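Two complexes come next, and they have one chain in common, subunit A, joined by subunit B in the first and subunit C in the second.
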Partner chain A sequence: MAGYALKRLMTEYKELTTRPPEGIIAAPIDEDNFFEWECLITGPDDTCFANGVFPARIVFPQDYPLSPPKMRFTCNIFHPNIYADGRVCISILHAPGDDPTGYESSNERWSPVQSIEKILLSVVSMLAEPNDESPANVSAAKMWREDRQQFEKIADSLVRKTLCLPASEL
Partner chain B sequence: MDVYLVQRQMNTGNRRRDNSMGLVNFLSKSSIISLDAYIAISTIVTIIGAGSVATAFHSQPELQRLLEEELKNNTRLSDSYGLNTEHLSTLTSFQVVHYVLSDSVLIWVAINYYFTMLAIATRVLIKVVFKELSRQEETMARHAFFSYCLLSVVYLAVVMNPQQSNRVLPWMVWTGLCGFLSSMHFITCQRLKYISPSVGQGGWKMTFLSMFLFVVSIYMSVLVLKFQHHLTWQPALLLYIDCLLAIVRSTYILLRCMSSSRLFSSRPDSVRHFNYWLELGTNITCEFLQMLNYAQLTLVSPGLNLTCIFFIYHIKLTYSCMIESLNRHKSHKRIFAHIETTYPSVKCENSDDRCVVCWELLGESRRLPCSHQFHDWCLMWWMAQDSSCPTCRVQLPSPLESTSSSNINNNNGGGLVDAITAEQTGNNTTFRFNGGNFAFVRLPPFTIEISTGLGPIFGQISQPTEEQLQSMLEQVREMFPQMSADTILQDLRGSGSAQSTIENILEGRIGWNMTSPLLTNVLENDETEESETENDFEESLETSTESNEGRERTWTKSESSEELSYFEIQRAKMIETYRKKYLASEKAADLREKGILE
Partner chain C sequence: MAENLQIDEILNQKRIGDVITKAFAIFFFPLGLILLIIRCFIGVHAFLIACLLRKSNRIRSIVMRFMCCVLGIVVRKFGERDESAQVLVSNHISILDHLAIDLISPCFLPSIWDIPTVIRWCFGYVDLGASRGRSELVQNAKKLLAETRGQPILAFPEGEITNGKRALLKFSTWAFEISDVVQPISITVSRPVPWNFSVSRIAASWLADLVLFFAIPATFINVEYLPKLTRNEDESIDEFALRTAQTIATHLKIEVSNFEPRDVAEATKRWKRDQFERRNQAGNSLSSGSSGNRLQNDRQLDECAMRIKQSHPSFHLSLIREDLQKTRNQAATITNLKLGKIPKDLNPNLDGKINLDPSSWKSIFSSRKWQMIEENRSKYLQKDGAFVATYLYDLYHSYVNRNYDFENFVEQLVNIDWEKIIRRSVFSGKCLIDLLKIIIKIRKGVE
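Take a look at the complex of A and B:
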C-alpha cells in the first residue's frame, strides 16, 4: 500500500474539518507529519462520562489503512477497556490475526473500512457501554460490576478534571 | 590541538574500535554524535587551520618561493596528470594546496573540512527538501552513513596493504562522498516509498534533488573511468560497484519522481504497476551488487581472520534480503493471479463511488461475490494479510492457502539466515555455522568460539551510559509526558534505545502497576493545581474569542503559520461548550452552590 497512507490521511483530515462530527475533534499534531494525530472526544450524554472532554493521541503506521493505528488517552481515565496508561483496548484497533484477549471474532477486528471518525465514534460508544468481558483494566472492570456508585464518582471527578472544574468533596 | 584530537577521534577513531554491526547500531541510535555539534566543532578547527596557514605565509616570505620551486620540480604532476606546472606554480591558491597537503597535521584538517562541507550540504538539502525528518528517517540515514563508513574503515585498515597508506587521502574523499550519497538516497527512498511527492508541496524540490543525485553519481563514474589506469583491478572493482549502486539508486529515485508527477496521474494503475516493478528491480539489483562487493572483499582479504566473518555475515545478510524480496514478490504475484481469475473486473455503476481502502474514485475495479468493489492493488495488499472482504468481512477463498506451502520452501531456500547462529554466554560468543546450501555450494558445519564480547555483531547493543539514558528519556518523555520517568528509565536500561522503548509503550509491554498513583491522584483534591489550570483555561478562552474566524478556516497549508492551530481553537471552544453543559447538569449542584457558574 506504499505511498497511499498520506493521501488517505489527508482526505480524512479534509473530511473532518469540512464536516466535523458532533463532539469529536481530530487533527495532525504537525501538518508536516500526518502520521501522528491528536484528538478530543466527549463523553456520551446520560452516562457517567457525560460532558467530559478527553484528549487522546493516535499514531498511524506507514501502511495505513492496511494496518490499524494505535490510540492512547493522554489524560487520566478509569474505564474497563482502557489500560491504566491510557491505551485503548478495542477490537477494531486490533490487526486481523492478533488477538490479545482471546474474546474477539475476526470480523470485529481492523479493516480498511474503518476511519479516524469511525474509530473515535466507536471509542465514544465504548465509554458509554464498557465491555467487562475482556477487561484491560481489571480493577475498573471489577468496580464497574460491583460498586457502580464508586465508579461513577471516579468518572465524575475525571470529567471535572478535563473541564478544569474543582473536584467535588468526596 | 586538543580540539583537533577530539575531532579526529570523532571522524575516524570511533569507528575503528570494533568491527561489528553492533557499533553501527549503537552509533546510529545514540544521540551524542549530532551533526550540528560536529559542524560547529569542525568549523572552529578549520578556522584555526586556515589561520595557521595564513600566518605561515605572512611571517615567512621565502616560503612562497620555496613552494614555487618545489612545484616546478614535481614531475609526477606534469607527467601523469598533464598539468602545466609552470603556470600553476605561480598561483598562490595552488601553493596553499600544496603546502596543506605536505603538512601531516593540516592535511587532516583539510579532510575534516571536506567532511564538514558534506555534512552542511546534507543538512541544507534535507532542510530545503524535506523540512523535518521523522525520527525513523533520521535513524535510517545515520545507519546508512555509518555502515558505509564502517565498511570503508574495515577495508582500509585490513584489506588494503598498510604500505599503501599514502593512498588513504583519496579513499577518505571517496568514502565521504559515497557516505553522503547513500544517506541522501536512503532518506529520499524512504520518503518516496510511503509518501508520494505529487501529494505534498515539495514535489518539484524532490525532482531537483533526484536530478542532483543522479548528476553526482554520473560524475563519480566518469571520475573513476578517468583515473582507471592508476588503479589495480581490485580497488577499481570496489569503486565501480560504489558507482553502480549510486547510479541504480539515483535512477530509481528519478524514475519514481517522474512516475508520480501529474503527467501520469490519469493512469494510476499503470503507475502502480511501474512503481512496484521498479522497486523490486532496484532492491534486488542493489542487494546483488552489495553481495558481489562483499564476496570480492572476502576473496581479497588476507587469510582467514575476523574480517572474513564480518564479510561473510554481510554476504549472508544481503543474500537473505534478496531471497526475502523475491519470495514476497512471488506471493504477491500469486494473489494477483488469484484476484484476476476469481473476481470479475467491472466498471463502477455509480461514478462517484469510492474504494474504501484508498478513498479514491473506483472506476474500473474488481467485484467480490458480496458485490463490494475495490481497486486491483488495494485488494491485493489487503489479501496479502487477510482473506475477508474489508467491508462486510465475509470470508473469501484464500489465495494464501496455496502460498503457505511455498513459504515453508522459502525457509529452506533462505536457510542461510538460520545457518549462522551466535550464542552468547557471559563473555564467550559462539558462532555456530550449521552448514547448508548457499546458492549452489554446500558448506560444512563449523563452530568458532571467541572469548571477548563479540555479541554486538548480531545486533546486541552494549549498555548505554547514564548520559545517553537521560537524552533518550527526554525523547520518550516528549511523546508520553504522562509517564513516570522511573518506568521509562527502567525500560530504557533493558531496551537500550529510545525507539524500542516508545514501541514498548505503544504496545503496552511495559509493566503497568494496576494500583498506580494515577487513581489516587484523581481522587485527591489539589487546590493549587486546580487554580493553576483555571488560569490556563481563562487564557485560552481569551485567545479563542479573538480568533473566532477559525471556523471558516479552509484547508490550506499556508495558514498553519497562525498562532493557534485549528485544533487548539476547536479545543478551547469544545471545552467551553461542555463546561457550560456540565454546569447546567444536575451533577454540578455542589459547584453551583459554591457560586461557580461560568
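Take a look at the complex of A and C:
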C-alpha cells in the first residue's frame, strides 16, 4: 500500500518540479520521508493576500491517494476557512462521507483523481474568495463580513511578515 | 500479535546495559585488547582452513568448531536436525548466526546481503540472484536443492538483526515458497556474567560486532533445532510463514511483531540522526559557550535567514541562507554581510534544464522558494512605492486645486508622517526624486 502511495507521490513531485504552476511550489521536507511535504503558496493578485508567500505543510496518509492529505499553514494566517492553528478547512481535503460543516457537495470532495497541485490551487482560490458560510475561524469570518477594512489591514501585516518586511502601522 | 510495541524495544540501543558491566568494561579493556590481537592471528588461520576445506567435509566441521571455540565462539547444539526438511528458518540476532548453524549442519546461505564476493566464496555462500527479484531467487533455490540433495538452504526471514528479547520481525515469505517443509531454528546468544555486552546494537557495523566477539573470552551461541513444520493444504504461504514465526517466538518466549526490515532501517536512521544531534549539542556546549545558539535544523536556518533579510534587505535571501548553512550562527552571518563576504546579487542560474535526478530537486525547491519570496517582495514594494507616488501626486493636485497655495503645500508636506513611511521601508530614492521634481515644478510655477 505504502509502495503505491510512494510511487504516486514521486510522480507528483516530478510533475510539480518540472512544471511548477504559477505561484506554487512544493517538495518533501526530507527526502527520506515522502509523506511530509512543505509548500509555498503565493497570495492571489488583487486580493488582500496578494504577494504574500505563505508556507504550509502537507502530511499524507499511508494509503494516499485513497485518503486525503492534511494541510496546515506554518505561518500566522487570519482567514475564515483556516483554523487558528493553521489547519486548512476546504472541501477538497475531506473524504466524501465525513462532512464537518454540512455545506459541501460531494463532487468537490477528495477523490484519488485529485492531486497536490489541485489542492494547492483550491487553497489559492480559497484565499481569494473566503467562504464565510462554514467558517473555521469564526472571528475572521465575522471581521470579513463586518469590518473588511480591518481584515485587509491584518492580512496586509501577515503578507509583510512572510516577505521579511517590518510590520507597518499605516 | 504484539500491539503497541515500539520498534526501539526489539533493537539494542546500547552495548552495555548496567553500571556494573560498564565499570567492568573499563577494567577489562586492556586484557580484551590483548585477547583481540592474539585472536586476530588465529582468526586468519581459521579463515584459511575455511577456504581450504570445502563444505560438507566432516573434518572441516570438527576443525572449524574447535577453531571457533579458540576464537571465543562456542556453538552449542540442541535438538535434532531433521534431514527431510530442506529449508532451515531461523531468527537473526547476531552476525555469526549463519556461521554457527553452518558449523553444525553445512548449509547454503543465499547471499541477499551485501557481502564482498571474496568472503562469499570463502564461506561458500551461493548467489541465487536475489538482486534480480524474488521469483528468480525462489527458482534458483529450488534448482540448487534438486541438484545437491542433502545440504539445506538456510534463511533468515526476518532480514535484520534484532535483540531477540521482545519480538521477532515479520517473516518474509520467500523461504516458504521454496519448500513446503521447513525446520525452524531458534538461536540465542549468551555471554558469561561479567561480560554482559550485547551481541549487536542498532546501527552497528559488522566489524565492531566481530571485534567484540574476539575481545570477550567466550560467547555461547545456542542453536536449537525445533521439530519440522509442514504446510497444510489449505494454508497460504503467508499463514505458513506466520505459523513458523510463532513457533520460533513461542519457543523463545517472545512475540511476533508486524515490523519489517524497512522499519528497522528507519529506526537506524533516526537513531543515527539523534546521535549526531546529541554530539553536536555536546560539542556546542563545550566549544562555544558564549556565541551559543547554534542553529540546528533547516527550519531554524530558514527563519533566521528571513530575520536577517528584514534588517539587511539588499542581500538576496538565498545567499544569506547559503552563508547560514556554513556558519550556522546568526551573528557570524551578519558579520560576513557587513564585511562584504557575501555578494549582493545572485548569479542567475535558476532557469536551466531540470535534472531528472530526484535528489537534485530539493535544491531546486529551495532556490525557487527564496526566489519566490524575493520576487513577491519587490512586487509588493513596487506596489507600495506606487502608493507613495500616488500620495505625492494627490498632494500636488491639491496644491494646484488650492490656487497654488505654496504655504499650504509645505504645511501638508511637513505634516506627513515621514517616520511611518520610512519605517514601512517604502520611501525609496525614486520617491525622493519624484518629490523633489514636484517641488522644483512648483518653485518654477511660483516664480
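Note that the second predicted complex is superposed on the first by the 167 of 170 C-alpha atoms of A that agree within 3 Å, B and C clash if a C-alpha of one lies under 4 Å from a C-alpha of the other, contacts with A are read in each partner's own complex, and residues count from 1 in each chain.
FYI, contacts are C-beta pairs under 8 Å (C-beta built on N, C-alpha and C of every residue); 3 or more make two chains touch, one makes a residue touch a chain.
Bear in mind the structure is a predicted one, so any value in this text is a computation, not a measurement.
Student: On subunit A, do subunit B and subunit C fit together or clash when superposed?
Tutor: clash
Student: Could you let me know whether more residues of subunit A are touched by subunit B or by subunit C?
Tutor: B
Student: If we overlay the two complexes on their shared chain A, which of subunit B and subunit C does A:Tyr83 touch? Say first, second, both or neither.
Tutor: first
Student: By the touch definition at the top of the document, which applies to A:Lys70: first (subunit B), second (subunit C), both, or neither?
Tutor: After superposition on chain A, A:Lys70 lies in contact with subunit B alone.
Student: By the touch definition at the top of the document, which applies to A:Thr42: first (subunit B), second (subunit C), both, or neither?
Tutor: Touch partners of A:Thr42: subunit B and subunit C.
Student: Contact-wise, after the overlay, does A:Lys7 reach subunit B, subunit C, both or neither (first, second, both, neither)?
Tutor: Only subunit B is touched by A:Lys7; subunit C is not.
Student: Of the candidate stretches 59-67, 95-103, 419-427 or 437-445, which in subunit C collides with subunit B after aligning the structures?
Tutor: The stretch that clashes with subunit B is 419-427.
Student: Would you tell me the residues on subunit A in contact with subunit B in one complex that are also in contact with subunit C in the other?
Tutor: Shared contact residues on subunit A (touching subunit B in one complex, subunit C in the other): 10, 13-14, 17-18, 20, 23, 25, 27, 31-32, 40, 42, 50-53, 159-160, 162-166, 168-170.
Student: With touch defined as at the start, can you tell me which subunit A residues reach subunit B in the complex?
Tutor: 1-8, 10-14, 17-18, 20, 23, 25, 27, 30-33, 35, 38, 40, 42, 50-53, 55, 59, 62-63, 65-66, 70, 72, 74-76, 78, 83-87, 95-97, 106-107, 111-113, 137-139, 154, 156-170
Student: Could you pull out which subunit C residues touch subunit A in their complex?
Tutor: Its residues touching subunit A are 269, 298, 306-307, 309-310, 313, 317, 354, 358-359, 361-362, 364-365, 368-369, 372-373, 376-377, 379-381, 383, 420-421, 423-425.
Student: Provide the residue numbers of subunit B that touch subunit A in the complex, in ascending order.
Tutor: These residues of subunit B touch subunit A: 131-132, 134, 192-196, 199-200, 260, 275, 279, 356-360, 377-378, 381-382, 385-386, 388, 390-391, 393, 481-483, 505-506, 508, 510, 512-516, 518-519, 521-523, 525, 530, 533-534, 536-537, 553, 555, 557, 560, 565-567, 570-571, 574-575, 578-579, 581-583, 585, 587-588, 590-591, 594, 596.
Student: In the complex of these two chains, what residues of subunit A are touching subunit C?
Tutor: Per the stated touch rule, the residues are 10, 13-14, 17-18, 20, 23, 25-29, 31-32, 40, 42, 50-53, 159-160, 162-166, 168-170.
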